[in-house]
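Shown next, in structure tokens, is the structure this report addresses.
When the chains are written out, they are named A, B, C and D in that same order, and each has its own residue count from 1.
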Amino acid sequence: MNNKHIYKTRTRYSEIDGMKIVHNSNYLIYFEEARTDLVRANNYSYEQIEKDGFMFPISEIKLNFKNPIYYDELISVFTYLEYVKNFSLKFLYEIYKENNELACKGYTIHACLDKNSYKILEINDKLKSALKKYIIK
Amino acid sequence: MNNKHIYKTRTRYSEIDGMKIVHNSNYLIYFEEARTDLVRANNYSYEQIEKDGFMFPISEIKLNFKNPIYYDELISVFTYLEYVKNFSLKFLYEIYKENNELACKGYTIHACLDKNSYKILEINDKLKSALKKYIIK
Amino acid sequence: MNNKHIYKTRTRYSEIDGMKIVHNSNYLIYFEEARTDLVRANNYSYEQIEKDGFMFPISEIKLNFKNPIYYDELISVFTYLEYVKNFSLKFLYEIYKENNELACKGYTIHACLDKNSYKILEINDKLKSALKKYIIK
Amino acid sequence: MNNKHIYKTRTRYSEIDGMKIVHNSNYLIYFEEARTDLVRANNYSYEQIEKDGFMFPISEIKLNFKNPIYYDELISVFTYLEYVKNFSLKFLYEIYKENNELACKGYTIHACLDKNSYKILEINDKLKSALKKYIIK
């Protein structure tokens, strides 16, 4: 069984489009919130990552949409990882609607770079250990 | 002493601009979330307002910025009302930073319209009573 | 050789994040603008599509990031199609930076639904002929 | 007669909310685009302003909404200034719909700060002369 971090948020009126559903661009924002919440819940933070000299730009994103999300839904974003390699990592996401239906699945792949030189940098042990328990077996 | 509704939210990475502060357009989104949260906390909802045939378009907005808000701050939006008239109402907002400094003050004035005809409509008693305790004396 | 529709837009300050690059969520908005511009340039429009009773929700999105985009860059979005089937279509995108470097590649797959019943609907000839010349050989 | 800078942009699908009108937060983004376009058209730029060591944070915003803006409208933002003082300036905006109706009036007041110390700084002559012809008489 896998550990998945659960992040809950309520959809905002400004996130709804003319079809009265959450606009696709906001899913990427939910993913970002969910993975920063996962990191924060494990005693690390994006701010600290930056202070430690790292950045994690996204190299690839995929989303599969299953069911639309509406205004004012309390959604749950399940976040875990497929792998944490020396120079990259891959987050997996599932978003569930308030009624527990699957809304979306997706992933983001991130490179680990030196914040100043933009050169590839090895992921440090602090982040590796913060993420370890969320890696799928 | 006045009743002010308190809504808390955490600033998102996507809300930060190149100066590493929350971009001004997001304050309007925080205001919107805060007033919908106030309405929801008083057993009414934007969805129900729409079902009841009303809409509340904004006719005027003002914001005064005092201190910048940064990434990942847990901000508090205090929301109350200057008045609820028959055909319009005025929400007042104060946003406080995580360190309790005032970040911003502002207001939004809304007209009450019939959702279908777009004609001016009298605010119903259900909304008036939901909002009553937040009106400044 | 393929026909690719070119849509140009300038990146906005509000689209830049704390790393001073365009935030990933905005790429989906550029894709959307580019495909609506392609449709508009061929005498059809999203508004007309809706009047004709169709909707084209996205079922899948993929993005590969190559080079960051900065503030105030005049970017070019090349848009074309991998296929237009009876019930779905797949748009392909390449975004080029102002200096002509490739910033991003991606695609969106759309289903064709009846706007009212949400049932699968066959793509009409008007849209098929508007898109035909952009399908890769 | 006053010089007003005209900036044209097309409303995006992602800017439309559940009422099928442009969401209020986007007006602030149109204002920002319009004033940067004015500056750019006069041989200065936000990038150069930053290199010159200045920043112009907003201290006050006001918007008055007159008529809703819909999806895919080619809007025109008229921008000019009420004043350019030594340490602050005030931009005025009028947004017109594609059918030339007034959609919105508003203003933004900006302080001039040193980019590094955040202390008040006198607006330089380069910017003063770029803006001069747009100040109302």
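Keep this in mind: a residue touches a chain if its C-beta (ideal position, glycine included) is under 8 Å from a C-beta of that chain, and two chains touch if they have at least 3 such contacts.
Quick caveat, the model's predicted, so the values are computed rather than measured.
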Relative to chain C, chain with the most remote C-alpha centre: B
Pair joined by more contacting C-beta pairs (C-D or A-C): A-C
Whole-Å separation of chain centres (CA-atom averages), chain C against chain D: 29
Chain A and chain D, separation of their C-alpha mean positions in angstrom: 34
Rounded Å distance, chain A centre to chain C centre (Cα mean): 24
Interface hub residues of chain A, defined as touching at least two other chains: 13-14, 25, 29, 32, 71
Chain D partner contacts - residues on chain B that touch it in the complex: 19, 24-26, 28-29, 32, 55, 57-65, 68
Chain B partner contacts - residues on chain C that touch it in the complex: 13-14, 16-18, 20, 23, 25, 71
Residue ranges of chain D in contact with chain C within the complex: 12-14, 29, 32-33, 36, 40, 45-47, 71-72
